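First chain written, first letter: the chains are A, B, C and D, and each begins at residue 1.
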Amino acid sequence: MAELYFQGKKVYYEVHGDTGETLVLLNGIMMSTASWLPFVECLSKTNRLILVDFLDQGQSERIEAGYDHSIQVEVLEAVLAELSGKLSCEKYNIMGISYGGEVAIQYALAYPNRVRRLILANTCARTSGWLKKIGDGWNEVAKCGSGLAYYLTTIPIIYSTRFFEERAEWMEGREKMLTEYFARADVREALIRLTDSSREYDVSDRLGEIKCPTLVISSSEDALVPMTEQKLIHERIKGSSYVTINGSGHASMYEVPEAFAALTAGFANLPDNCIKI
Amino acid sequence: MAELYFQGKKVYYEVHGDTGETLVLLNGIMMSTASWLPFVECLSKTNRLILVDFLDQGQSERIEAGYDHSIQVEVLEAVLAELSGKLSCEKYNIMGISYGGEVAIQYALAYPNRVRRLILANTCARTSGWLKKIGDGWNEVAKCGSGLAYYLTTIPIIYSTRFFEERAEWMEGREKMLTEYFARADVREALIRLTDSSREYDVSDRLGEIKCPTLVISSSEDALVPMTEQKLIHERIKGSSYVTINGSGHASMYEVPEAFAALTAGFANLPDNCIKI
Amino acid sequence: MAELYFQGKKVYYEVHGDTGETLVLLNGIMMSTASWLPFVECLSKTNRLILVDFLDQGQSERIEAGYDHSIQVEVLEAVLAELSGKLSCEKYNIMGISYGGEVAIQYALAYPNRVRRLILANTCARTSGWLKKIGDGWNEVAKCGSGLAYYLTTIPIIYSTRFFEERAEWMEGREKMLTEYFARADVREALIRLTDSSREYDVSDRLGEIKCPTLVISSSEDALVPMTEQKLIHERIKGSSYVTINGSGHASMYEVPEAFAALTAGFANLPDNCIKI
Amino acid sequence: MAELYFQGKKVYYEVHGDTGETLVLLNGIMMSTASWLPFVECLSKTNRLILVDFLDQGQSERIEAGYDHSIQVEVLEAVLAELSGKLSCEKYNIMGISYGGEVAIQYALAYPNRVRRLILANTCARTSGWLKKIGDGWNEVAKCGSGLAYYLTTIPIIYSTRFFEERAEWMEGREKMLTEYFARADVREALIRLTDSSREYDVSDRLGEIKCPTLVISSSEDALVPMTEQKLIHERIKGSSYVTINGSGHASMYEVPEAFAALTAGFANLPDNCIKI
């Protein structure tokens, strides 16, 4: 719906709704603005919703060189700076899931004055030695050239057993669509770059600098970013709240969408400083 | 702020705010409308908020005879029927915590057409054999006549160790105030009746009848109504979502107020049928 | 079966079996050597079993003056020193549950050379501000003079809902027996002293000194000493192992006896330094 | 150390120790008798230890045709029938981890009179739709021909983040060794067959038939066979005990070896029917 250029690269973003608190939703690694389609109608009724494709995602441009994901922080800043003029919005409520949560944490560290509230779902403050190897595995499999191998290695792991079985038909649709998508070399190359851009990420020692109200969300069955990582974030961001979505895997927004939406919009829409116990 | 008469007994209630979805907050056993004071300013900005003192609570009248808490279901219906006329409101979003959640479940079973969405915090679908004995203990201690003994037996157990230590000064204030309050025989007698009114409660086999969108909230450190009870509710109300507030005891609204408010308002304010995965 | 005198006070203890590793079982606050009767036949087949009544417990003598539970550490040392001569045993495997675990930790700090392996069940390294109030409550209720009030306040809380319901008849037997027992003023006075002896306990900063192999056991439904306390012990005793008995309350030895016995005997009977990963 | 022929195929097994209860340890899918080396000295001091390579594992023979893992049940029966004569042993305590646990459950169903006690670690009663896809992924990657891709896809996922980081050097050794091993086509082909042999496995409806004392072990960080699967086993095997090894991933025997060994030997060595609560 809208685009701008960041360092000569096209960045695609969308704005939905024109009422209520502004809410930015940041994508996980294999997501794009299109992934939020099931939520757009609902959340744009109560909020001005902003979606962004990071570089190498969705309708934003591909980038060849190696990079770390602090570049996405600047991409986000380019979008929000532009929108601050257009929308007369000073501060944003930012929800990031997984990779998007990593960018959200870094953004809150780099641009604290832009962030009103922070919602961090299924994410981590560092790429652990373990998670590095998981990512390395995805990239090795990507090189094999099989869309199916890549699908089977990266997608089932982000869902819970319960969801996978309850929504078997939906999952078959995903498999069909994504196996074809991952069969494209350019797609796998972009995913390799995105995965690598997280490799050296570690801001665990800087979490104490985050002062805005923060909600940390984990999923009880998250096999990819285990709850120990979210607990660490909660312990280091003073005053943060921490909840778990039960029976959900890593892709919490699809597995328990009403809880996900209630937490995200509910936390974003809390007025300032109004609860005092 | 307002009152009506139910079977000749005065029922006290409050309405705050005049915008957004209507949200009813139902009290735990030792709470009253006054307990929600820290939330009124905040939640009434986004919602029309309704608070009710059950019979034998707060500013509602005392009742002498033994009763079970289905009487509170009719008290609530009297209030909401009256407000339906005044506010032109057909359906209510109802949040009940602990005892209030028990009444909320029964209300949703008795008056399904009045309930838009249900939020059940730290509550259960039945008074287990174990919980009966806990309640019997409170009542035996009430008969001892010591406000301090009653305070020490009933209040610390509803907080987590973490909160108790972090908010030591606040807890001391509670101890001082509540020890005096519980020293009053009439207060203890009302609490004995309220506790007894839950004794034979069991709607666990009827949960399948609840069809409205439902959010179940538990606390990781709830020593009074353990998470096994909330899990049972979630498993039997088809399509319900289930989240846990981490690091919180039974009194989740005071321990992690922002998560509690975000979940409650966030779930109440979700538009109908708008997320489709 | 055997006794000795510690500072002029009779200390009762038992030795069962004469084979295998020596295993000391230390009582929780309301237990005595008699509480281990269901385990004696079983554990004494594979181990030399030592049971001890602390002062103010079971068949050991009452003590009038206030004391903290480091006195029980010296009572234990008196017993083990005597047995070291009789049994030619240099080192003991010590399992302590709840209060017994507190004494076990202090013993391991005071007499490290006597301890071969340490098993800490449902215990803590400190009496938290919260637990102090729970204990204060027990003592206030004790002063009321009702055996039933004391039973209802102290005993149901140490069992899980599941066990309480599955073993309803057994629990009724406990209620009958213990209500009578707690009706005795001398019994309640001893329990008041025992409870108070834990009040100022805090060795959380010294846990790093413990070097012997240690197993920490928690119960998923422990409402009295929550899992956060056992996690703290595990994190501070380097190299300790940490397991949870699922579906059990505080009284894990009665709720899931085979898991309790397997863990205790299994850990005590592991040969030295023989697993190397 | 010993071998026999089953349907013309060589089956390799080992017996260590000649005292105490007989304890059979059954391998996970990528393990072999050699994987238990760190435990042999320790466990054979208290138990007669039996290790077996299933067909397509370790030093047992490869089999070409497709098969399901009920064939391994008969392999195990061949070994135990032979040993029953040699060792005058009627009943065996059987511990199976992961794939080995699946075989153990099926063995207990097929040969209940041979099983004294059952220990089921990190295993499941069925291959869920989700787990099928994980296995399919491993097999697709195996076909890519890269030992490294196969290592990265199958091995890190079975360890916890904690262990992976604490034992970084050990993990590097595994990576080096296993990457070379998995580079062999014959090894990958055997692993494809073993993985496929679990594909249609489902005995979840038959668990009620198991009557021997059973201990179910899960790991808090098991990303491969989540705790929901072990909970299902526990709920359906009447009287079973259920514990969790905290801070451990799927490979619990390597991550927290003392807890694993204590649970296994401790449960196997409990005398019959001797605890009565």
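Throughout what follows, a contact is a pair of C-beta atoms (placed from the backbone, for glycine too) under 8 Å apart; a residue touches a chain by one contact, two chains touch by 3 or more.
These figures come from a predicted structure and were not determined experimentally.
Steps from chain A to chain C, minimised over paths through touching chains, total 2.
Chain C and chain D have Cα centroids separated by 35 Å. Taking each chain's centre as the average of its CA atoms, chain B and chain D sit 48 Å apart. Not a single residue in chain D touches at least two other chains.
In terms of which chains touch, the assembly is arranged as a closed ring, every chain touching its two neighbours and no others. Interface note: chains touch in the pairs A-B, A-D, B-C, C-D. Residues 128-131, 133-134, 136-137, 140-141, 143-144, 146, 148-149, 152-153, 156-157, 159-162, 164-165, 168, 171, 221, 223-224, 226, 228-229 of chain C are the ones that touch chain B when the two sit in their complex.
Of all residues in chain B, only 38-39, 41-42, 45-46, 167, 170, 213, 215, 220, 231, 234, 241-247, 254, 256-259, 261-267, 269-271, 274-277 touch chain A in the complex they form.
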